[in-house]
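One structure below.
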Amino acid sequence: MSRYIIRRLLLLAVTMLVTSLIIFGLTQVIPGDVAQLILGREAGEQALADFRAEFGLDDPLPVQYVNWLGGFVTGDWGRSFTSGNPAVRPLVMERLGNSMRLATMTLIISVPVSILLGVLAALWEDSWLDNLISVLSLSVVGLPEFVTGLLLINGIALGIKSLGLPATSSVPDGTLEDWIRQLILPSLTATFVLLGYIARLTRAGVLDELKKPYVRTATLKGLPYRAVIFKHVLRNALLPTITVIALSVGWLIGGLVVIENVYNYPGLGALMVDAVKQKNLLMLQAIVMVTIFFFALANLVADLLYAVLNPRIRLE
Amino acid sequence: MNSTIPVIEVNNLSIDYQLGKRWLNAIRDVSLRIDPFEIHGLVGESGSGKSTLALALMRYLAGNARISSGEILLDGENLVPKSEHEMRHIWGKKLSLVPQDPLAALNPSYTIGEQIAEVTRLHEGLSKQQAFSRAVELLAKVKIADPEAVVRRYPHQLSGGMQQRVTIAMALSTQPRLLVLDEPTTALDVTTQAVILDLFRDLIHDNKAAALYVSHDLGAIAQMCDRVTVMYGGEVMASAPVHPLYAAPLHPYTMGLLASIPRPTEGVETRLPTIDGVAPSLAERPSGCVFAPRCPVALPICFDEKPPLEIIDTGRMGKCHRWREIRSGELVMQTAPLEKVAASLPPDDNYVLMAGGVSKRFGSPSLFTRLVGGDSGYVQAVDDVSVRVRARSTLGLVGESGSGKTTLARSIVALEVADDGQMTLLDMPIANTLAGRSQVVLRELQMVFQNPNDTLNPYQTVGEALARTIRRLSSRAMTQTEIRAKVNDLLDEVRLTAEYADRYPAELSGGEKQRVAIARAFATDPALVIADEPTSSLDVSVQAVVLNLLKDLRAREGASYILISHDLAAVSYLADWIAVMYLGQIVEEGDTEDVYQAPSHPYTEALLSAIPAPDPTVQRGNIRLEGDVPSPRNIPSGCRFHTRCPRKIGAICEAQEPPWLDAGDGHRIRCHIPIDELIAMQSTPPDSERNEVSL
Amino acid sequence: MSTLRPGVESKRASRPFYARALLAVVSFFRQLARHPVSLVGTLLVIAFVLLALFGPNIAPHRFDDLIRGAARQSPSLEFPFGTDRLGRDIFSRVLWGAREIIAIPGIATAISVFLGTCVGLFVGYNGGWIDELISRALDSLLSIPALVLALVMLGTIGPSPVGIIIVIVLLYMPIVTRVIRSATLNIRTSGFIEAAKLRGESLPYILFREILPSVLPALTVEAALRFSYAIFLTASLGFLGLGVQPPSPDWGRMVSEARANYARTPWELWFPAGAIALLVIGVNLMADGLRRIFRYEGQV
């Protein structure tokens, strides 16, 4: 098991290194002179040269990469190109915190609901309930978030407006009420994306396990139905589901670009769109690295969870 | 009928399956009774409904099945009207199942102890503590060494034999009235099976339980059971005490089945009697006698009218219009092998294939392991093995799983690249890689694969598959018409009609697929055909057809074979030279007759002793092997067999590789025990305790 | 059940190719019809593809026609979907926009599936260090969240149809490769593959003639799924303003622009949003139907 963990940690490091190269490479392709782009057409030669010197844009690419990576690892993420040149790290960290709040809320809503739906659909396979859940999850899962989001804001507006929910979400203050007020709509939107996926996976997992001979063994031991399901079937059937939930945390932290845009929520994804539009290189690189880190971390956690819960891997 | 109340009595039970909107009859009008302390065998080929019946006996049905009529009496109480909820008080307590595939039948996420304790906690209200100590006792009872450690293990950490012991411990934990054993040894090697069968029989008797033993293996049934019921096409064909059933079968199906088993004593020139045709599927069962289409003595009435299940005499039932004629001797069924194979040229002294010093190891470490280190993980599958095949003869390669027999064969055809070794085919040296082999070599060396279900591409017709082989490998360019004609010839050779050329593999039965695979192998007129367990997944009656075919083709085409099998009986039917493999090495080789007689390598002796004879009057040998086959990652020092050898003589076996001993006529044995001593030992059994199981 | 008595179906293989193809299509729809929801999905997809092909021909106006005096009209017989603040006919804009939302994901999916199949068959069949290397490389590509990679790439190469296609191919080709690789792994040790090796068949023959037919079910289902995700991504990029640039009528961008005017012209939002929803749902239901037909138990 310890070998397994070391192996996975090593893989995480390699992944981060490779992706950092990809990201750095990609951002270098930006056509045109970044200094010119940022400072505008009327900037003088001197101003351009100063800008390049300040941000190290004159150094050879490998030097730039090493400087950037070294700075990133030691916590110096540089300063933004944008006016006032604010430091990148505090801004990214603040947005990261916001994104994590949204992710937490989404998980609290989506995980229990989707697992319940998936299990019910599997236990009553081919019933009207199963078909309903299947069609609903098939239609909801594929809808872009801006469609479901706008549907929530506007379509159900009649009902929701009377609840006083804001169409744009801001960072909640500490109270539970404000958490719900600010985050319920974006979390629900994200839930729609996750719900179908997790529910279908859970359903498939449960159906898969129900076919296995050990379920028959458990039944023929004389165990009550609920013991067969809860103790024997779900113990194994939910393993892949748990993995996928862990994986989705990575997506929730960096991938809610569209939802944050729809609700004007100041998360990491919204910051990234701004950085792309402003060609704000250092900011973009930092956000992407953070996102990828969480994505890879989620991968790692998913694998470890799976291994811990599964004696066949744990005891290798 | 005697007066004892049977443990279980099934009367006129019928079960239907729902397929789409139709209900198809799967089990028809079955009656069965099992008395206290009786081990009742239920035998049948695949699709006979034996497993469905066995589970239905426990009142356990698949979701799409229903009992359409009949009753199941457990100690006189009818189970049919009981709800599932009521059955849960009977399952595990009075009725227990020993399943077919123990690894799949145990929950992978709970320890052995938890899974056994669950039963006694549920039915006997034991505390967690008590249930665990009971689990330890039960494991000791099934002769598991170190039960305290095993209760804390997970199923995947145990060997197949151990897993099966666990399932029987679990089944016996509540002193059930009836045990249902559903093919419990099918997945095990023959030496392990022998140990498990002994153990099961003793445990069932010790626990004063009755048992239903389901199997396709007539040998295991003969050795295990007191009475036997034979099923075919969802119906009971015959039911009788074990001795008369094997000695004087009254049903044509039973007779055909028994006759089609290859026995080691048969000569090389005989053909096996076969049952023609294939078993009917659920949807197309005949309205008359279900066996009539394949019955050699069927009368017109057999096709029109279903015979009743009649009581013949005490405890004996049969379902045949002609059992009276058979019993009185008016109707003689020719069940002895009658046909002789067309006279074949005797093997000559030219060698088709010579392979010397072949070695193959697996498991190159992954990139990561190479970087981080860790165990090398090599598996030495074949270790310096030499074999020769004479022209027009058959070499039988025998061994249990992990012996390296398949790897050796695959190295010869270059599906695996041997790490070491020189091979010559028809006196030409041949490369170890496929890329290095000429078309001539590919043509002369063909292979028949084990699994009939993936041997043919599901998206190509039989004709396309054969034509492609002919076109690729034939020695001269052929026209479309010539190829077509050759395809038809080949189909005819394997006794299939020309219209099979247009069929897809999904439309063929397992035996037919294997016959097409044989036709494909002979499409190039090869000098040597390697057949890797060609019949291991076929039913006995179908196996006989395929074995006969191989024998006929050898005589007609003058080809040689390497036949790989774990089944010594099937091998002896075809092979004139046998090599026995254990953990990657040959431990004994010689003329078939010599190998079957003393002196033998102790491993060969154990293998022969472990085969359950399909005859209850033949006592099995009493040599049982200890423990499991060691992992090929970790090959024992000295003689590889010393960890399990019942005739180990001392430290020399652990320290030194044994020498080859010459037993005459090329018969060689790799052992430290001198030939004379082996002969002396093997003519008198080592001890007379028949049921000793040691671990 | 698998055996057929002699005489039945034996003529099938000798039928000409087009007859077999026609039979296959008929049996496909017959099987789809068993699950009406899947049939509806497939018909929806067919309808949208027809729209993409002929939409501009049947549209009453060009997408950028500013109709004088017809700004902010609510849906009517003349303007079925209403008009926007500039007096453009929403119905026409949606029809014109169908082409891009189908063509870009369609082309990108086709390229991803083609490349993914070739690479997947090759590495799955060969195994060894090439497999290990390519699998690791694809893993790192997959370890970047899809939208993040898309944003970074479009930020650098600029938003254009070709750019979006490249992004989608880079994102989905590894996924297709994985699916095909694992399907290939399952059958590479089959007897019929080994028999082909023993006949000395070439690598392309084994990959495309022996293996490909068996992975076709997985491939078809995966292609449908990828198509759905590609539409999703294209629409989302359009919504974020990183899709096809104005003035061409991108459904995602139409929705995004319509948000500001929602209070006055809600139809400006509903019709393009509804079109996206219907298209995506249709493709998903079709993919599900395909999975049922092929009894494909792979990825959910």
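Chains here go by letter, A, B and C, matching the order in which they are written, and residues are numbered from 1 within each.
FYI, contacts are C-beta pairs under 8 Å (C-beta built on N, C-alpha and C of every residue); 3 or more make two chains touch, one makes a residue touch a chain.
Source: prediction; values computed, not measured.
Participant: Weigh A-C against B-C on C-beta contact pairs and write down the one with more.
Facilitator: Between A-C and B-C, the larger count of C-beta pairs in contact belongs to A-C.
Participant: Work out per-chain C-alpha centres and flag the one nearest the whole-protein C-alpha centre.
Facilitator: When every chain is reduced to its C-alpha mean, the one closest to the whole-protein mean is B.
Participant: What whole-Å value do you get for the distance between chain A and chain B if each is reduced to the mean of its CA atoms?
Facilitator: Each chain's C-alpha centroid was found; their separation is 52 Å.
Participant: Express in whole angstrom the distance between the two chain centres, defined as the mean CA positions of chain A and chain C.
Facilitator: Going by mean C-alpha positions, chain A sits 24 Å from chain C.
Participant: Taking each chain's centre as the mean position of its Cα atoms, how many Å separate chain B from chain C?
Facilitator: 48
Participant: Enumerate the contact residues on chain B facing chain A in the complex.
Facilitator: Residues of chain B touching chain A: 58, 60, 84, 87-93, 95-97, 99-101, 104-110, 118-119, 122-123, 154, 156-157, 167, 170, 368, 372, 374.
Participant: Applying the document's contact rule, which stretches of chain C touch chain B when the two form their complex?
Facilitator: 1-7, 9-14, 129, 132, 187, 190-192, 194-195, 197-201, 210, 213-214
Participant: Help me check something: in the complex, which residues belonging to chain C touch chain A?
Facilitator: Touching chain A from chain C are residues 37, 139-141, 143-148, 151-158, 228-229, 232, 235-236, 239-242, 252, 255-256, 259, 262, 266, 269, 273, 276-277, 280-281, 283-285, 288, 297, 300.
Participant: Using the touch definition up top, name the residues of chain A that touch chain B in the complex.
Facilitator: 3, 6-7, 10, 212-214, 216-225, 232, 235-236, 309-312, 315
Participant: Over in the complex, which chain A residues touch chain C? Could you list them?
Facilitator: For chain A paired with chain C, touching residues are 14-15, 18-19, 22-23, 26-27, 29-31, 131, 134-135, 138-139, 141-147, 150-151, 154, 197, 200-201, 204, 250-251, 254-255, 257-258, 261, 269, 272-273, 275-277, 279, 284, 288, 291-292, 295-296, 299.
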